[in-house]
Amino acid sequence: MMDWFEIALVILLITTAVGVIRVKTLISAVLILACYSFLMAVVWAQLGAVDVAFVEAVVGAGLSTVLFLLTLFRARAKDTQLRRTPTPLVALLGLPLLGFVLLYAIAPLYPDGQPLRPASTHVADAYLQESYKATKTPNVVTAVLMDYRAFDTLIETGVIFTAGIACALLLRSHSE
Amino acid sequence: MIEAHDSLIVRSAGKLLIPLSQLFALYVLFFGQYGPGGGFAGGVILGTSFLLAVLVLGPQAPPCRLAHQLEHGDGVGLMIFVGVGGLCLIGGGTFLDYSNLQIPGWNDEERRSLGIVLTQIGVAADIAVTALSIVFSLGQHHSQEASHE
Amino acid sequence: MRDQLPVILFLVPFATAICLPMVGLKAHGWCRPMALVSLLVMFVLAVGNLLLVLKHGEQSYGFAGWSASASPPLGIVWVNDALASVMMVTISFLASLCLLYSGPLSPATEKPRIVPYYALILLLVSALTGIVFAGDIFNVFVFLEVAALSAYALVALAGGRALIAAFRYLILGTLGSTFYLLGVVFFYATTGTLNMEDICQQFTKNPELLHSKAVVGGMAFLFLGLGIKMALFPLHAWLPGAYTHAPDAISPLLAGLMTKVALYGCVRVLFWGLAAGAQTEQLPALTLLGGLGMVAALAGSLLALAQQELKRMFAYGGISHIGLILIGVSQANQTAFAGSMFYLMNDAIMQAGLFFIAGAAIQHHGARTVADLSRLRRAPWLVTAFIALALSMIGIPPTGGFFGKWHIILGCLEAENYLAVTAIVVSTLLTMAYFQRLFLSMFGHREVVPDSAAGALAPSTKLAVGLTALLVVVLGLCSEPLISIFRETAAGVGL
Amino acid sequence: MSEHIQAALERPSLIAFVVLFLCGFFVMTTNSNMIKKLIGIYLLQTSVLLLLVTIGVKQNAASVPILTEKHIESPETIAPAAYVNPLPHVLTLTAIVVQVATLGVSLALVAAIYRKYGSLDENEVLQRIE
């Protein structure tokens, strides 16, 4: 059963990614990246990850594009032009090797390959079955995010706090 | 600072949109338990609504001044989160074990669901403040460039 | 209270870091004492934790009320065993020493920088605590990210060339984190869980899972990511620039702790997650890591020989020692494991000590390169500490460096890996060569150029430099109890 | 060979992961412009998250991991096959926010470099340092 809608989305996604690479000026690259993030949000939603689609659309497309454009608005026009740089050895050597290792590693992940299904059977089933009994929240993702793995989310908020403090340290050298 | 936008259409649309998006942010934050959304998305929408206020309404407007005061409340969201986690330690439970919150008469499930709501508020507050603070750091740098250009 | 100790150890610096922005708004003066007090409290708690763990044995701490011993462990679990608590003592001791040392020469002089500077140092230390205790591979990823972000900003604080060095560190660090995340994704796809102990059970239950393509690919990416984080030789490009251009107050903290804790994380995933100890014949990864360790040990000391700047030379010395520890870890027997863990602890202290001396030399005598090292001759305190640390770096008997290296060599002999032994001996000779170069330029015939800037050393610098030198010798003398602790941990993990 | 293509079309987002990963890696290694490198890292991290969520997808049309009314009344009748695996979503949520936090710090660093050296190109900045 091939899901043509998913294939179309994936092709669109890859074209926007190639578009980001090929484009000449930085600002258009950033805007195509925003479009790439929105497409990624649609792919998340299509794969059944609604929470992730929501956050990707708001955070991935919204906030990071604002940050990119804020950094770029101060650059003079001539700085945002991109010169074609020769591809270094690392890319020529690294890419095919990396591509081979990636294809080698994802081979068993296909559903009809060897019965490699533990990802969705081991801990995940326990979350689905017991999360409502324990936390009374129908949205299992929020229950797992905020209760079972609450410490991860605490450190996650710590990462955001560190980012805010680091930006203050880097940019606010003169007293306000 | 980032100056106000001069066109009337943008300013009036902004005046309409900002309260709407803040309301939507709170809805997303508290609806996170029953549907998609939650602390992360709600916090960013709240942060960007204040950013819209700063961009559109100019420095004197009340939401913009509020945004500047908010910017200094860096650690508040994390304090809420660690506070709730720490409160669970009192009853002898492990860190972040909401069923240990000493609320009389509530059984474990209700305590855990309350814990989840409180921590989501903490996460949303932290993200909103940090988004604003990063944008102001980048923006503040922007005005210096313009000043001595 | 006893079993809450790991979390309280983590919360002390974390909560202080959170409260600093609030406190800093009104009282800037309070930031530095608050940070120092929280790190000293953390050190005391870490020593208490070590004593308790030695008395009561290992303890695992399940977060959010989900028991750590459930059949599929649902929550996040921290493992508080002897190795972790010894690392905790080292980290908290070095962190408080670095903060003490960085008093007079702290780069955060302007008002808006004081709060973020101390908050980031505390966040870095609490993130390292998280990695040391972690029992959940995704949790290690998030902690690595907190540590990395604060390290980038702290390196970039010195401005000028440090900005570019920090940007290169950021690009490679983020690449490392992404590869680590990819490894975690593959491990989750094959075993269905994120808890290290649970993954270990899955692999011992059906050992042929270790040969499935996804696990091999996952291991490759995971160790590639950690290799970048611990600056293993071919992936070390970010380290020399970052540590040399970092502010002198921050270099000891980063040099002493960052790469060592990343290596510690790699050991934990390798032996606690993949049960590499129990089924060595199935894991060619250990031999590969051993080979990379040998290359790193040789190349690091060779590059150190060719350096002019003092801090850059010590940075390359650190890279060669990471390779040395990796050789010890990959011999998969108790003596080599115990020796390498002891050497890891010693190397953290040695690196911090050397960067203390380099920082003091730059601040007080303007001695930045090897050539103008003769100015140090009028600072007897620095010279004696430098000699003690040099002995330990080379591995001369009374110091801890020797005993660590000696046990690693014994382990290699036990595993009949003579190539590793030659690699260690050659890298020791190279280390001896570049230290001989330093001694020559320090005590050589060049007359001492009288410069007026040679103010007296600040007491905190003297304390920091003297304490590390003393500690290296003391560790050497009483290395036996520590080695036996590490032997038991190694036995516990099936080596 | 044909069954490989068949399997690839069966789960297109795995192939998308490989292509996007290589695109991101290519952008990162070949461009000397700092903002372009950050865009490359953004592509790289998003592709890893795509793989993470694709692992959780189940065969028969499993629905979104939000329990329906019927299952809320009787939690014991929940069949895990009816819902998509929630754990990758939790990890992806955390990783997306880490990604944006890293992006914020790196853009602040690029802004500081641009303010001091006036160029976004790494090689140009290195020349201006000497």
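Each chain carries a letter (A, B, C and D) given by its place in the written order, and its residues are counted from 1.
As a convention for this text, a residue touches a chain if its C-beta (ideal position, glycine included) is under 8 Å from a C-beta of that chain, and two chains touch if they have at least 3 such contacts.
None of the values given here were measured: they were computed from a predicted structure.
Following the contact convention of this document, B, C is the list of chains adjacent to both subunit A and subunit D. Two chain pairs, A-B and B-C, are compared here, and A-B has more C-beta pairs in contact (counted per touch definition above). With centres set at the average Cα position, the gap from subunit A to subunit B is 22 Å.
Taking the mean of the C-alpha atoms as each chain's centre, subunit B and subunit C sit 36 Å apart.
Chain centres here are Cα averages; for subunit C and subunit D they lie 29 Å apart.
Averaging C-alpha coordinates per chain places the centre of subunit A 30 Å away from that of subunit C. For subunit D, the set of residues touching two or more other chains reads 51, 55, 64, 66, 87-88, 93-94, 97-98, 101-102, 104-105, 107-112. Residues of subunit A in contact with at least two other chains: 50-51, 55, 59, 63, 67, 70-71, 74, 102, 106, 109, 119-121, 123-124, 127, 133, 138-139, 141, 145, 147, 149-153, 156, 158-168, 170-172, 174, 176. Residues of subunit B found to touch two or more other chains are 34-36, 40, 74-75, 78, 82, 95-96, 98, 127, 134, 137-138, 141, 144-145.
Residues 64, 66, 93, 97, 104, 107-108, 111-112, 115 of subunit D touch subunit B in their complex. Taken together, the subunit B residues at the contact with subunit C in this complex read 72-76, 78-79, 82, 86, 88-89, 93-100. By the touch criterion given at the top, residues 101-102, 104-109, 114, 116, 118-124, 126-127, 130, 147-152, 155-156, 158-159, 161-163, 165-166, 168-170, 172-176 of subunit A touch subunit C in their complex. For subunit D in complex with subunit C, the touching residues are 28, 34, 37, 41, 44-45, 48, 51-52, 55, 87-88, 91, 94-95, 98, 101-102, 105-106, 109-110, 112-113, 116, 122, 125-126, 129. Residue ranges of subunit D in contact with subunit A, taken from their complex: 7, 9-27, 29-33, 35-36, 38-39, 42-43, 46, 49-51, 53-59, 62-67, 71-72, 75-76, 78, 80, 83-90, 92-94, 96-105, 107-112, 114, 118-121.
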